[in-house]
Every structure is written in C-alpha cells, then in structure tokens.
Amino acid sequence: MSQHTVTKLALRSAAIGYVLCLILLPLTAIGFQSFEDGLTRFMDDIQQPQAKAALTLTIEAALVATVINALFGTLSAWVLVRYDFPGRAFLNALVDLPFAVPTLVAGIMIAALYGATSPIGAWLNTGGIEVLYNVPGIVLAMLFVTMPFTIRSLQPVLMELEQDQEEAAYTLGATPWQAFWHVTVPSVLPGLLTGVFLTFVRALGEFGSVVIVAGNIPLKTQVAAVYVYGEIESYNPQGATSVSVVVLIVSFLALLLLERLTRPPGQRLPALLQQVFSAQFLVLRSNSKLNSQN
Amino acid sequence: MSITHYAKRFGTFTFGFVITLVISSVLGLGPTFGGVCLAADRELMLAIYSVPKEAYENTLIPAFKRHWKQRTGQDIRVRSSYGASGAQARAIIGGFEADVAVLSVEGDVDQIAKAGLITHAWRNGADRGNVSASVVAFGVRKGNPKSIVTWEDLTKPGVEVLYPNPKTSGGAMWDIIAIYGAGLKLADPKQGSAEAQAAALLKRIQKNVKVMDKSGRESVTTFERGVGDVIVTYENELLPRVKSGRPMELVLPAETILIENPAAIVDRHVEKHKVRDIAEAFVAFLHSEEAQRAFAEYDFRTVSALPVGGPPVKAFPQPAHLFTITELGGWDKVASLLFGPQGLWTRTVEELARGK
Amino acid sequence: MRRLFISLVWLYFTVLLIGPIAYLCVQAFGEGLTVFLNEVMRPEAVHGFWLSAEITLIVLLFNIIFGTVTAMVLARQRFWGQTFLSGLIDLPFSVSPVITGFMLILLVGPGTILGTWFGAMGIKILYALPAMILVTLFVTFPFVVRELTPILMAIGTDSEEAARTLGANEWQIFLRVTLPAIRWGMAYGATLTIARAIGEFGAVLVVSGNILQLTQTATLHIYQSYVDFNYVGAYAVAAVLLAVSFLILIVLELVKARSSVMTDRSSQMVSS
C-alpha cells in the first residue's frame, strides 16, 4: 500500500476512534442507565409529576424564547443587512457575544440587572412583572444564549437575496405581497428554519444562566436541566437519566425535522449547520455586498 | 505591519506559554496535574456542607494545622470543598475521595455509611458524632413589615416563604422537620390528631414557598436578592448577616428544633490515603473546647458542655419549646415519614402542584 | 418604517445584551478599584483563572489535532458509517452540560468497569483534572471540525495530488499545502473552542467536586463567590471573564476579515 493509503486509513481510524470514545461511549452509558430497569421503569420516571413538569416547562419556555428570537432575530438580521446607520458595525459584532460569554456570567448579569435589588428590577416588580425566579426570567436567559442563531443564519441569506430579484418580480407584474411570498420567503425559509430549530435545541439544554436566574420550585419554575442536576445530587440516577434521554430525543427529533424541512436536493443538515458557524460564508458576503448597498 | 506578521509572533509566544504551562503543571507549580507533582506534604481532604464555610476556612482549619504542626512537626495540606450537604454526600459516594465528611444532617452521613465507605460506628463518638449545633429560625426584612413571629404567620396569604430543597440540602430537611415538629407541638388535641394538624401546617406553609434553592447558603443568597418575605434557615446563617448590618432581622419562633451537624471520618479513604491519624485528630479537634468556642464565635451553638471556669461563651436565647430529632422518633423515622417517596412533604408538593 | 425598525433592534440589543453587560461592569467596580483588584487577585480567583487557562489550552491542543484529522477524513474520504459519524459530531451542541457531566459519571464512576480499571491503576478521573478536561473536550469538539470540513471540501485535493506526484511525502504535503489553506478556518474554530472552554460551567460543576484551590475553574469560583454573598467578588471575576469574551470577539471578527482574503485566494487557486 502506498504511503498515501496508509495515511488515509490511519487518519480514518484515529478520527473514528476519537469520535466513538468521546461522543458515542458516554451517550450509550446514559442510554444503558435509563433503560436498565426496563421500559416501564423509564416511563414511570418521566411520569413523575416533578419530571413531567420540568419537561413541560422547559419545552414551553424554549418555544416562547424561539418565537421571540425568530421575530426579533429576523428583524435584526434585516436591519443589519439592509440598512446603514451609526453603530451598525458595533451591533453586528455584538451579535457574536453570546457565543463568547460564559453562560454563568450571562445569568449573573441578567439576575443583577433585572432582579429586585436593581432600579430596573424594582421598577418592573412594582409593575407586576417579576423577572427573576419566574418564567420570564427563564425565557430571558434562553434568549440571551440563543440570540446569535437566527441572526447569523439569516444574514447570509438576506445578503444573497438581491433586491434585484424582488424588483424583477415587480416588473413582471407581481404585487409586493406576491413578491414577498413567492420570492423572499422561499429563499429565506431554510435559513430561518435553521436558526429557529437551533435556538430551540440550544434553549432546551441551557443550564448555567437559568440556574442563576430561575427559581427552583419543583413543578413550577424548574427546568429540565436543573431537575436533572437535582436528581443527580439526590442519588436518583434513574430519574436523571430518563429526563436527560427525553431531552436528547426531543433535540434529535427537532434536528431531524429541520433536515427534512430544509432539504433541497443535495443540501444536507451538516452543511447548513456549517453555514451558521462558518466564517467565510458571512464574510464573503458582507465585505462585497454591504458596502455597495444603501 | 500585516496581521500575518502579528499572528506569527503571537503564535510563537503562545507556543512558549503552553510549554511553560505544561512543564510547570507537571512540576506542581501550578494546579496539580491529577497527582503528578513534587509536593510531599500529607494532605487531608474535607467535604463540608455549605453553611459553615467561614468558620472552617478562616478559623478551624488554620487552627488545626497549627496544632498538628506543634504536636508532630509535620506540615500538612488541607483541601476543602463546600456544597449542599446532600450533594457532598452524593459526591463522596460517587467517588469524591474526602477523608472527613462534615455534613448538615446525620441522614447524609448514614448514606455514606450505607455505601460502605464509613465502616465504624460513628455515632458512638464524642457528642454522638455531632460537632456543631444551631436552631431553625426565621429571617425577615428589617422592621419585620409583615409581623412574622409564629409559624402560623408563615401561612398568611401574601407571605412569601423561602427554604431550600430537601432533596439536596440538609438544612432544608431540618427546616421542614422543624415545621412538622412545631405543628405537633402546636396541635390542639380537640381538633383531631396531632399528625394531621402538623401535616396541614406544613401544607399551608409550603403553599407560600416561592423558591427552593439547592443549599442553605444559596437560599440566603436568594433572600438577599430581594426574593421572599421570610426565610426559614439556620440561626447561624442569619446572625452574621444581621450583625454585619444587612437589612434583615432574626426572629426565633417559640417552637423549634435543635439542629445538630455531624462530622465523620470516611474509613475507606483515610485507609487509602494513609491519613487516619490526621483525620482522627481533626475530628477530635472539632469536639475540643477551642473549636467549640470558635463555633460560638460564628454563631453556632455548642454541642458539648464547656468546662466550668473558662471564659463564658455568649448566651443564646432559648426557645420556649425546643425539641430534638430524638423526641420526634429519630432521624430515620422522621426522614422517611416526611421525605420518602410517599412522604408527607413529597406528597404535599405534588398535591399543591396539582392545585389541590 | 426604517427608523422604527432600527429603534426596535437597538431596544432588543440593549435589553438583552448591552444593559446587563453595562450593569455588571458598574457593579463590579461599585466598591472602588481597590476592592475590585483585591477580589480579582485573591488566591481562589487566581487559581480559578490558572485552572481555566490550563484546561482550555489542553482542550485546544486536542481539538486542533483531532478536529483537523476528523475534518480531513470527513471531507475527503468515503466510507461506510460516514453519515453516522457526521451526525455524532453535531451531537454535543444539543446535549445539556449537566447531562454531559452526568454521562461521564455513569461511564467512569466507582461502580463501573472503566472506573474500577482506572482506580486500580491509581488514575483519578472524577473530581480531578482529567474529568474536567474530558467534559470540556466533549462540549468543544464540533467547533474546529465544522469549521474545517467545508473549507477542505471547497479547496479539493488538486494541490495535494500535485504535490504527491512531485514526490512529497504525506507529512510534507500536510504542512506545506493543506495547513496554509486551512489556517484561518482553524483559527476561527480555535477561537470558538477557547470561548466555549472558558465558559464551561454545568458539566464541571457536576464532575469537579468543587474543591477550593484545586478543582475550581474561574466559572466555579464565580458561582462560589455568588453563593457566599460576595457579590462584588462574583461580579469582579465575571467582569474579567467578560473582558476576555470581548477580546475573543475581537479576534473572531479579525479572523473573519482575514479569512475572506484567504478564501478568495484559495478559490482562485482551485479554479485556475
């Protein structure tokens, strides 16, 4: 065998070995543990009122955060791409900040500003809005950590979407609404869906910020990750694993659904994920397009 | 100068930094690399519950190290970890190689014993294995705006109550047992069984509970952050806060429980690390007069009667109806009555969540 | 309309990002510069910074090596199970950090085969540095791989093939041909890895044992301070981490800018 083939095979074994040990092995451990006593025990564990409540709360809060993120994220992406205004570059750079900030620090910041001891928190409380130790706080924390997803996945798409395309539609006799529906939306949809689903999946698992900001009342303000943490700490590995597995399954299904929804021929989910995080994609667009717009 | 130029320079610098870091770690100049280091000092590992951190870090541990050096001429290293009592017990069972467990409730020490890590009858030691004591008390906002004085006051509508989660916090278990015990004491024989009335009191109070933190310490943090009107916790957590001028007051209910916190050697680990002598000396030290006085400085009540003739220790107010866990039937019985899968507290929480 | 949109976006950013950051900085220095410096230079804090740096650097090393290898394998080779492998790589994104730590406990805890084996050899994993490194490796794995794979796919293997026919060996090819082409993608992935590693909290909370001045990372130290009512201390160290985050952000933006130049050049290389 040539040196090339040997190298290829060696690299392949190294990669496969590393990934299997680092990622697959721990996952099988958790799968094993949760189904160790059989399916009925598993179902029992997740039907526990506390477990069920934690799961429901987490999914609901994540959904709310996802909707808000989708709305404001789309708006932000649009504004950042299409308009030029003082501070645009600043805001654009700021979008990546939640990737760089530790989640615990995010939680502390939010708790500090919106808790009862700060002027803003006190003001909100008198208005009846309690952020800390309540669902709004959970949603806020989730929003913080997921903020970049929709924005960064929409920006490249919006940049690519030439205004010319829309104008072309108009000249061919389409109304603005038709242009929006039939030109803008289909182009933007995959990017939007990617951002939305990533937001949801990320919000489901958030711990560091939520543990500071949210309360820990079982059945009321306890999210799945905090519940799992509590169960780990109280000698109940079955309870912890069963809820963990449910969260993992929901995440997996969401990502699977995303792939189904966004698959034009030839494009696969990993490629889409790469687009969200890929440097070159954004920059190729931003440097050339933005300077020539507005 | 182009970015590439700076990047190249930066790269060399980073490379050198990494090499230095790795070498110094291996040599033990930085954090030890999982054991590979040149330090030869004997090391004692402590797992302690969250609340008495200041007492141990600032006074007890340094004092013990001095004593040990005086007695044996050895310098030792003492490592300590602080966290919720239940969490620490779990960690020890899960592999955390603590030599001594200083926990909030005897139940947590029993768990470690059940896992086979503690093999001696730890309750047969001095003071039944306990090293510090306190009572359950209320912390309220300055001026006590909601006039909270008795347990009944905690059930009033609009009063937000705080205590930690008994699944992780030993302190929370004490708090809830105190409620139950108080309910028993307050029970009116004409209104049915004492147990039923105590259960009812527990439910009415739990209804007002807003947040349940992981540990006693975190619970007080939450209270400080402005959440809740009253926190049910250890007296020794509240006193220092009050003394340091925080806007809160301590209210001692007439009926409350005597909290006793155990400390025990973890046999399996002291054998492995060959530090039994140090560990035993440490636990003995905690029972000593010097340590007990130190505990009093930190607003703990003492477990052992101090020898007559020494300087008086500050007087703590005595609750009118103080009771102990023994009077209620002992730890195991009470713990399973309240916190077991069908326990009173467990069911109360579920019922409240379902809106009953 | 335009004004409204821009204002709304400013509002969104302020409520979510700018407000909390500003308030944290104000609070961190709330009791003066001396107190801030005292808190940041306390032995526990210094140890925390040091430990976080150590873990991050080790994790970075592993990720650069194995991330590159995995990306090269994914981008250039075809084999059975490839899609499965690719899916596995994305998994850490969707696993909650607490679950990550928990999985390690399940895997190498005292009652397990692996745990007993390591214990017999005297190697401590849980409640010591190795566990913390392992969980951080898990959560940071996707970054470098996902950065490099599209780049490797885009530039193709023509240059490497050419070098091979000219007689270069594999190692030379990698160093002289592949590496220069992917270095900015690698830098970007490395930066994301650093950010994620420094910020790790949930997983290390579960597996570290929280031993003061031994296994407390910077984030764990912040948490300890917070819980000990030392808010200024917590805010101060948090502010330091925040400053590091900003530095990381700047590096990210610089690398992005640099990367466009490289990609244009490399795509020119490919097409010509």
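Going in written order, the chains are labelled A, B and C, and every chain counts its residues from 1.
Assume a residue touches a chain if its C-beta (ideal position, glycine included) is under 8 Å from a C-beta of that chain, and two chains touch if they have at least 3 such contacts.
Just so you know, these numbers come straight off a predicted model, no measurement behind them.
Number of steps on the shortest path from chain A to chain B, with steps defined by chain touch: 1.
Compared with chain C, the chain whose C-alpha mean position is the greatest distance off is B. When the interfaces A-C and B-C are ranked by C-beta pairs in contact, the top one is A-C.
If you average the CA atoms of chain B and of chain C, the two centres end up 34 Å from each other. Chain A and chain C have CA centres that are 17 Å apart. Across the assembly, chain C contributes residues 105, 226 that each touch 2 or more other chains. Among the residues of chain A, those in touch with two or more other chains are 229, 232.
Those residues of chain C lying in contact with chain A across their complex are 2, 5-6, 8-10, 12-13, 16-21, 23-24, 27, 66, 69-70, 72-74, 77, 79, 81, 85-100, 102-107, 134, 137-138, 141, 143, 146-147, 149-151, 164, 169-170, 184-185, 188, 192, 195-196, 198-202, 205-206, 219, 222-223, 226, 234-235, 238, 241-242, 245-246, 248-249, 252-253, 255-257, 259-260, 263-264.
Residues 47, 50-51, 53-54, 57, 61, 105, 109-110, 115, 122-124, 126-130, 187, 209-214, 224, 226-229, 254, 258 of chain C are the ones touching chain B in the complex.
Chain A meets chain C in the complex at residues 3-4, 7-8, 11-12, 14-16, 18-20, 22-27, 29-30, 32-33, 72, 75-76, 78-80, 83, 85, 87, 91, 93-94, 96-106, 108-110, 112-114, 118, 120, 140, 143-144, 147, 198, 201-202, 204-208, 211-212, 224-226, 228-229, 232, 237, 240-241, 244, 247-248, 251-252, 255, 269-271, 273-274, 277-280, 282-284, 287.
Within the complex formed with chain B, the residues of chain A that make contact are 49-50, 53, 111, 115-117, 121-122, 132-133, 215-221, 229-235. Listing the residues of chain B that touch chain A in their complex gives 84, 86-87, 90, 93, 111, 165, 167-168, 209-214, 222, 225-227, 349-350, 352-354.
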